[in-house]
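Every chain is named by a letter (A, B, C and D) in the order it is written, and numbering of its residues begins at 1.
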Amino acid sequence: MIITLKKEASQQAKELLRQQLEKQGVRVNAIVGENHDVFGLVGDTAKLDERKIKANDCVEEVTRIAAPYKLANRLVHPEDTVVMVGGIPVGGQHPIVVIGGPCSVEGEEQVAEIAGKVKIAGGVMLRGGAYKPRTSPYAFQGMQTEGILAMVKAREKTGLPIVSELMSVDKLDEFDRYVDLIQIGARNMQNYDLLKALGKTKKPILLKRGLANTMEEWIMSAEYILASGNPNVILCERGIRTFEKYTRNTLDLSAVPVIKEKTHLPIIIDPSHATGDWSLVESMSLAAIAAGADGLIIEVHPHPERAWSDGAQSLKPGKFAQLIEKGRAIAEVLGRGCASCGF
Amino acid sequence: MIITLKKEASQQAKELLRQQLEKQGVRVNAIVGENHDVFGLVGDTAKLDERKIKANDCVEEVTRIAAPYKLANRLVHPEDTVVMVGGIPVGGQHPIVVIGGPCSVEGEEQVAEIAGKVKIAGGVMLRGGAYKPRTSPYAFQGMQTEGILAMVKAREKTGLPIVSELMSVDKLDEFDRYVDLIQIGARNMQNYDLLKALGKTKKPILLKRGLANTMEEWIMSAEYILASGNPNVILCERGIRTFEKYTRNTLDLSAVPVIKEKTHLPIIIDPSHATGDWSLVESMSLAAIAAGADGLIIEVHPHPERAWSDGAQSLKPGKFAQLIEKGRAIAEVLGRGCASCGF
Amino acid sequence: MIITLKKEASQQAKELLRQQLEKQGVRVNAIVGENHDVFGLVGDTAKLDERKIKANDCVEEVTRIAAPYKLANRLVHPEDTVVMVGGIPVGGQHPIVVIGGPCSVEGEEQVAEIAGKVKIAGGVMLRGGAYKPRTSPYAFQGMQTEGILAMVKAREKTGLPIVSELMSVDKLDEFDRYVDLIQIGARNMQNYDLLKALGKTKKPILLKRGLANTMEEWIMSAEYILASGNPNVILCERGIRTFEKYTRNTLDLSAVPVIKEKTHLPIIIDPSHATGDWSLVESMSLAAIAAGADGLIIEVHPHPERAWSDGAQSLKPGKFAQLIEKGRAIAEVLGRGCASCGF
Amino acid sequence: MIITLKKEASQQAKELLRQQLEKQGVRVNAIVGENHDVFGLVGDTAKLDERKIKANDCVEEVTRIAAPYKLANRLVHPEDTVVMVGGIPVGGQHPIVVIGGPCSVEGEEQVAEIAGKVKIAGGVMLRGGAYKPRTSPYAFQGMQTEGILAMVKAREKTGLPIVSELMSVDKLDEFDRYVDLIQIGARNMQNYDLLKALGKTKKPILLKRGLANTMEEWIMSAEYILASGNPNVILCERGIRTFEKYTRNTLDLSAVPVIKEKTHLPIIIDPSHATGDWSLVESMSLAAIAAGADGLIIEVHPHPERAWSDGAQSLKPGKFAQLIEKGRAIAEVLGRGCASCGF
């Protein structure tokens, strides 16, 4: 950590700051500059609060050099983490996983029908929303427990592990019991009470990036789960908010190589929410695979115009199958093995 | 609501869509354009899901004309809402309220000392964080219940109503019992389960704008609380996330006149979190008053460099008093009455 | 175009507006709504100024339905435009083109050496900056005419067409004479005098997207060139500005399918400027090809640490060759033909 | 400047880098950290190119400590710069200046009429666009030289200095001869050839912030003009681009105190372009004055609905006069003197 001191800072104030810092167990190296003196701190700086240091009158700026995350950091954990979801490995050099299913669970029959089509197309997990975060209080809020149980039935029929979004701590037991991969949505990425609770289970967590969160903040949210005791975290990029209006969000595919460089966690891509438009899903899915993603999560619906939510971004099963076929070919070019049930 | 149809859409598809829409109780006016035909819908369109309509193959674009919120809409509720907080009116033509206090409660003595200084300076409510949303799991997470009780003691001594941030539903009873104004932080603005729970109490809610949320989404979150039965919502702008690096966030003061035009709810400004820098707080506070804000919430700490969180943006009590004095003069120029305890 | 009228608008004001609009040659269809009346305009609305209409007291909002661009619009020009650059076709189903070269031309020898390596690796054009837009007036500003002539020499030796950035109208003759593909940088995307001047030549133009420009504004800038008489425009996405800090910009790959849907122009990707980091260039290049881009423009330097500008994002020739080899394999999977000199 | 070295960097590579840096005249202080070693550079680092240093294989990150600007830096020029525009001082403790006028000059009569009303209302300069940067090639592009001459006539009648936007170098002589304050628009903020040319004149320059430019980049563009020999630069904040849709741009008023802290240049605010909506102009103008701005530039038109451009954001003269009256009262509260012709 580098502390830039103000030009007008007194010797006494600087000395006092140095002593306070050393009391916290770090070594202070002072450099005398032309306009600013600088303190370089050596030691375990992750536990220092840069904004607290900045509050000192003599401090101009504080710059963190070492990453603020430890358990997620590839520097301290060089091998790829592989997360097992209902028997399917995600990450490392394992085959790319494709997750498909409706935005909202609309009933036992609907989800069973889609699950069958997802499986035939080559999908290896079933997604479906039972608790829905909706901007409007007047919009459909999800089938809730009934929806989760409908997905469980679909799993019984197809063998596909199930993925669903958890919105609050009080449903964690339900999810722990029934769901294979617990999704945390973009709006809850910094719901810290929820993150801490997820650390108490060992269930795999799919942690979506917040709409306006930096990759560093996203990794820090993963760190919350890891630090609370659950190592099974998969990251999911789903588009960030920008000024662009032709797409719903802006898919940040550079997250794939960056996350793989900074962390050891698997990362998958959600092109459906990122673009908000089914006609863009195939090209963004192929791009994600080419960029090195470990998987895709895609909305599939046989009749998008009748879907209870987000029909505009849902693929019909035929298009979904075609996407998987092309994706498989690209994965093979990149030397990524090919699972019998998936790519 | 305006539906733009695709150039190549068949007559049959358009007719089918028209029938589906009319079944939902709206009237459809068709306009034949050069490249695109258009449907203009008349009736209660707030309950229609634009993305569901967009999922139809024949639809190019859907544009909402009427606002998606009802209870918060000034069109249907022209008079200003005034929210009473511990006996103090917020909004309408009532005096501007200034809330001051530490970022984090650090103990009974600290918060009592600050409360006394806030009161002397002219502040009319006491803020203090007992449950802290922190980016890092390794940072101080707040004194929790002990912190809330320390604030209660400070209220007993000074008479100042207390404001504190609630992070999860399971502490709602505690807040309902002890806190006068329940703050919902930017990261929880779209935590819909929490919003619904807040509708069950009658306590005033201070709803902060999310870092990357449009004003429309923010109003929709207020609508969740209103629609669940609690009319006592105060909005709080605290800076949005942009590319700028010299400030922590970008304070969007245009939210003041926009919110007052679109809704009837009070709006206050948090210049401390918006700028992240105490040296910018005074000028942004005065600007907020000049823009027509109903209040300010400001971090105050006698020793910012020893604050347990966010010292960098805390004002010392002397500066806080000076800010209130200047702010009062501006408020008077604008013809905003002046309370004995505040402005 | 849809005009939403204010609730309180008088009949007289609405009638007056209708007459004014009809005088401009459009047909007005009125729809009476619950809170707002709406005018739907039919005819050539591209020439109407929505902000002028919005200035009427009785108008609440104006929404454009038809795109504001004509010549660039795929609706009116369904076949792909193919732009010939020094004999090489760009766009349509033609092979993907890879352009390589240094950020800055540093001398005849340097650029000739790099040109040779670019060619061997499979690149089909040579890029090199002779006029450099630099944030700091104290930074190296480019070799200017001498740099352009050094590139001409490199073209003589290798046969590679040359690409370079033009910053002002007064150098247009020089570029018209020597350069094969004139690049307009992100900072000049809305330098309208320059765009109009480019319409007077027939040289191919590589129009980069501005850092904070929507795709619609970008297409409108292309429309300036097309409308001034030059049909040879290639678009180039190079990253947009967001809040993310781990990458220099955020590469918006969804621009590839969107631009291909809305326009008939070719689009290429610049992963070097988008990421600002050579270690991310390969994965983003492969992703761009998988997304359907018509080409790539990549910074190549044998000794990045000695480059006069932007070394941090330059690939060494070996890495560049490896990238082309992988890219070629992905292009083949997608059924995109493979040129002998390129992919 | 702080250079963070990679964990795996060899001693030899580090030594080589140190030598290269010292050859450029800076002193290198090395600090050995736990994961990363760090070099702290002392001396004139403004001339070093951080991205060139970052291109070294052994370098992880480069962080600038000292500001990259010199002439604009308040550290080296502590007193406020006051720019004289046609005899009117802007900046320092001088009275706040209010500039008013139409978006576009529409004819001699129109601009003379508006100039008269601006003067009566208390405005001290006349703005008017003769060369218009328009997103669409089909929109009105300005009256050009004829428009400038119409403004000159209005100056003769009213005595108000005139402000107009220059879009390209080839009109600089015209502006130098006729215009009192040369405005550089947001889209040209990084048109470096134009900036360099402006350094050759001594005319005051009004430099608007780019839509997506950080304050640091904006100051660097001012530095271009200063470094080329013209010290008369006034900065103008006019809103930045964000995700918010209810306003045209997001006005960043925190720019006022930040610019005053970092530089010695005057700063004025353009609430018309920032909000895009006349109904928001008054409150944002008052906020700007309260924040400490040195002036305002506001669009005024007697018949906004007939304005040739941007009518939606133009104030009628009566509202403009009312705004000045309120603004004057706030300026007095802040102890800012009051000119007879203006505030």
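Everything below uses one rule, namely that a residue touches a chain if its C-beta (ideal position, glycine included) is under 8 Å from a C-beta of that chain, and two chains touch if they have at least 3 such contacts.
For clarity, every value in this text was computed on a predicted model and none was experimentally measured.
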Centroid comparison with chain B (C-alpha atoms), farthest chain: C
Chain pair, B-C or B-D, that carries the greater number of C-beta contacts: B-D
Centre distance in Å when chain B and chain C are each reduced to the mean of their C-alpha atoms: 39
Separation of chain B from chain D, taking each centre as the mean of its C-alpha atoms, in whole Å: 31
Shared interface positions of chain B, touching two or more other chains: 212, 241-243
For the chain D and chain B complex, residues of the former touching the latter: 212, 214-216, 240, 242-247, 250-254, 256-258, 261-262, 274-275, 279-280, 283-284, 286-292, 326, 329-330, 333-334
List of chain A residues in touch with chain B within their complex: 46-47, 49, 51-52, 54-57, 68, 133-141, 167-170, 187-188, 190-194, 196, 210-212, 217, 220, 223-224, 227-228, 241, 276, 304-305, 307-314
Chain C-facing residues of chain B, complex: 2, 4, 7, 29, 31-36, 38, 40, 42-44, 61, 63, 65-66, 75, 241-243
